[in-house]
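Listed next: structures, encoded as structure tokens.
In the two complexes below, subunit A is the common chain; its partner is subunit B in one and subunit C in the other.
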Partner chain A sequence: MSKLEFKQVTRTFGNKKVLRGVNMTWEPGQLYGLLGRNGAGKSTLMNIVNNRLFPTAGKVLLDGKSVTENADAQNRIFLMSAAMLYPGDSRIEQLFTLTKQMYGAFDDPLAAHLAKAFGLDPHQRFRKLSTGYRTIAKLIIALCVPCEFVMLDEPVLGLDANNREIFYQELANTFANKPRTFIIASHLIEEIENLVTHVFVLDGGTITLDEDVAELTAKGRVVTGPTALVHEWLGGTCVLREVPLGGMLTAYTLDAPLEKPVPAGVTVGGMDLQQMYLELTRNGGGVDDD
Partner chain B sequence: MKFDASSIVPLYQQIADQFTAGILSGAFPEDTQIPSTTEVARTYAINPATVLKGMNVLVEAGLIEKRRGIGMFVTAGAQETLRKKRKHDFYADRITALVAAAKALDISKAELVAAIEEGYEQ
Partner chain C sequence: MTTKFRAMLRVQLQMMAIVMVGGLFGGLIFVVMSLVGGTAEVNGWSSEFIGLYMAAILGYFATPWALGSAFQNGVSRKLFLQTAAVGLIVCSALMAGFVTAVSAVPVLAGTGSFLASVYHLTGAAGTLWCVALRFMAYLAFAAIGAALGFLSLPFSGKVRFALVFGIYGLMVLPGLALVLVMMALPHLVTDSGMLQFLLALVGLPLHRAPQPQILLLIFTVLTLGFGFLAVRFGRRAELNDRV
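What follows is the complex of A and B.
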């Protein structure tokens, strides 16, 4: 099985350095979350993998070979994004056929099932669809291509809560039936935190976090109580943020001294991925790359 | 089933706990098939690898077993095993904690026993 490796991937736009040496590895058969503030460079990164943009420096390798202008590699990689690369007056079923011609295969039974699940009529023309249904049409294509690496850039853009749920369920289902690697860039972290098992955080042009979700949530703690008691219990441990409110203090940490008994009056709770991401990227943010 | 993302209990353990509770309550009767990993993953939009890890906790505890080509089944005697374990845990954890809490509040043995007897009569 193949993996996709990023080696010092750098990209500048004029004098704006959006990516400053990105290093990471995407393993086969994984569900990854790619997180980052608006303008952090997530789309730029995915566009580089898919050859819609080229790196200023550095490389993306599949089986040790650069994916840049590599037709064989590009046939195994798919990017679903806001950009529409198909002729807009095509019918959805024609897009399915077109995709099959481009990638050599297409999961027709799954496409039919998904169209029914989302209530999308494949005879409709793409440009006549609402924002939400345009996303749905693109998602169906992304889940039915025979690619080993499928990047989903903002996969739930414009989707209502019901359709988002259908998407997450269908993604879990097709992933269980046919493992391949999905990379999801989304701001709705709480909706994907049970789906992805590993996250990458892109901040300031580099990968600042590359960790298993299970390991992160095992470490994340929210400590609340009287300020002096919280400080005493935490000792010198590294704290991501402290929020005082009167005499009470809430501290967010990844290094809680769990071996120490918790004093009466202090509560120690878990931290979900969304909260952890917020605390880790609070001072970040980036230049806009859209 | 319901899963809490901000719980200290890891997600795979929450899956194992919910299935354990289902076996104990009889919702998943002995010798019957339980939902597949894919079915659970799909229903709750959870990564199948996490679901499998949770199921493996039950396999290791001897509560479910794999029947080749069919799926996972609740083992014979699983409910009784769980009931015994719960009883053991009750004495080991709850009683110890209860006595410690009573001592901290200067509640005497006689007072505690009287309170328990009262609880049974209600």
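What follows is the complex of A and C.
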């Protein structure tokens, strides 16, 4: 089975270092979440995979071969992004045909089903669609291409809650019917939390978290109680953040000593993915100038 | 020819067709001017000018336009540039044929083809020479446009538009000015040593002797040189707001 490997991928724009040696691996048949603050470099990373940008240093390998200017590799990778790259005067059905010609195949029945589910008229010209429906048109194409790696960069941009719900459901369905790797970069973490199986957090130009969602949520803990007791119980563990309030303290950690008995007056609760992400990226974000 | 090549070529030609249709409208304006105002003499070289300008715009705008579809559909830059080259060759051939045909219509071109009269190209061989010269000239202008188009992709939109006028001003207007001088003052060529030198430099007839082969050579060198540069810049093209 094919996998995509990132080896020290670096990208600079002028004197801005957006990516600083990214290392990670995308395995086949996974639903990944790629999280990061605005300007963290998620889109840059995806653009590098799809050859829209070149890495300044490092490589992205598919089956051990660089994806850069590699026609075979690019035929197995698809990126749906916010950029308007389709000819605006083309009708949606023409874009489906174009995609089929480019990639050699296209799931026409699924495209017809999705167009109906979203209420998209395939005879419409792309340019005349609203922002939300342009996103829907691009999403339909992304779900119907025969690629092993499908990257969705802000896939619900401009979609209302109903259409977002339809998208998540259809994504889960198509993934179940035809497993391939989806990588979703989104700021709506709560909405994708139950969809993705593994998350990568991109912060400060590097991958700061690379973990299964199940394991992560099992580790994340919010500890609340009198400051001294919380400190005593958490002694020696890595705390992400402490929020004091009067004599009380709330501590966020991925390393709670659950084997130790919890002192009276101290409560230990779970931490959802959104909260965990906030704690992990609280001091990061953006890019640094050199 | 792979399916992807055919699909990308179709996208390239769609983009180029927008420029071609725009140029056709420009040409129609001159046709109407000829029919209404009897300005056929001027239109003899107007059609030459439109062809050159369209070729430059085909290279400068239409070629990088298609990059968006290439990036969206996982087309390598190598394949993209191959289809761009084929598209520009097809468009140049079409334009060369079209301008040559238009030049053969007296009401549109007065005494006939401007190029033919300057180089004394007559008969079937002369027509073939005209087609070849125009074809290579369009290819050269398209190559210059494409090289500048790819090079200026990271620049701001304003700079890119300014460059269009740069192409117009630097590449086309001096030639037109020279033509006008030659038409207005036919004896100047024999009287002025400097003008003779300049004309010889661009391959135009010196002492009224036809030298189309020099011009063809110049266009070929320009095509190859700027074509090389266009490929070099195109291979490095990246996604940005101008794509």
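Heads up, the rule we're going with is that the second predicted complex is superposed on the first by the 287 of 290 C-alpha atoms of A that agree within 3 Å, B and C clash if a C-alpha of one lies under 4 Å from a C-alpha of the other, contacts with A are read in each partner's own complex, and residues count from 1 in each chain.
Here, a contact is a pair of C-beta atoms (placed from the backbone, for glycine too) under 8 Å apart; a residue touches a chain by one contact, two chains touch by 3 or more.
It should be emphasised that the depicted structure is a prediction, and the values quoted were computed from it without experimental measurement.
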Q: Would you mind checking whether subunit B and subunit C clash or fit side by side on subunit A after the superposition?
A: fit
Q. Should A:243 be classified as contacting the first partner (subunit B), the second (subunit C), both, or neither?
A. neither
Q. Draw lines from the C-alpha centre of subunit A to the C-alpha centres of subunit B and subunit C: what angle do they form, to the nearest 10°?
A. 150
(Q) Output check: A:105 vs subunit B and subunit C. Expected answer is one of first, second, both, neither. What do you get? (A) neither
Q.
Let me test your reading of the model: by the given contact rule, A:50 touches which partner, first (subunit B), second (subunit C), both or neither?
A. second
Q: State whether A:87 touches subunit B only (first), subunit C only (second), both chains, or neither.
A: second
Q: Applying the touch criterion given at the start, work out whether A:228 contacts subunit B, subunit C, both or neither, answering first, second, both or neither.
A: neither
Q. Who does A:69 touch here: subunit B (first), subunit C (second), both, or neither?
A. second
Q.
Looking at A:78, would you say it contacts subunit B, subunit C, both, or neither? Reply first, second, both or neither.
A. second
Q) Of all C-alpha distances between subunit B and subunit C after superposition, which is the least, in Å? A) 27
(Q) Which residues of subunit C touch subunit A once you look at their complex with the stated criterion? (A) 3-4, 6-8, 11, 14-15, 68-69, 71-79, 236, 238-239, 243
Q: Using the touch rule from the top, collect the residues of subunit A that touch subunit B in their complex.
A: 31, 165, 168-173, 175-177, 190, 193-197, 214, 217-218, 221, 268-275
(Q) If we count contacts the way the header does, which residues on subunit A are in touch with subunit C in the complex? (A) 47, 50-54, 69-71, 74-75, 77-79, 83-87, 98-99, 101-104
Q: Would you mind writing out the residues of subunit B in touch with subunit A in their complex?
A: 3, 5-12, 37-38, 41-50
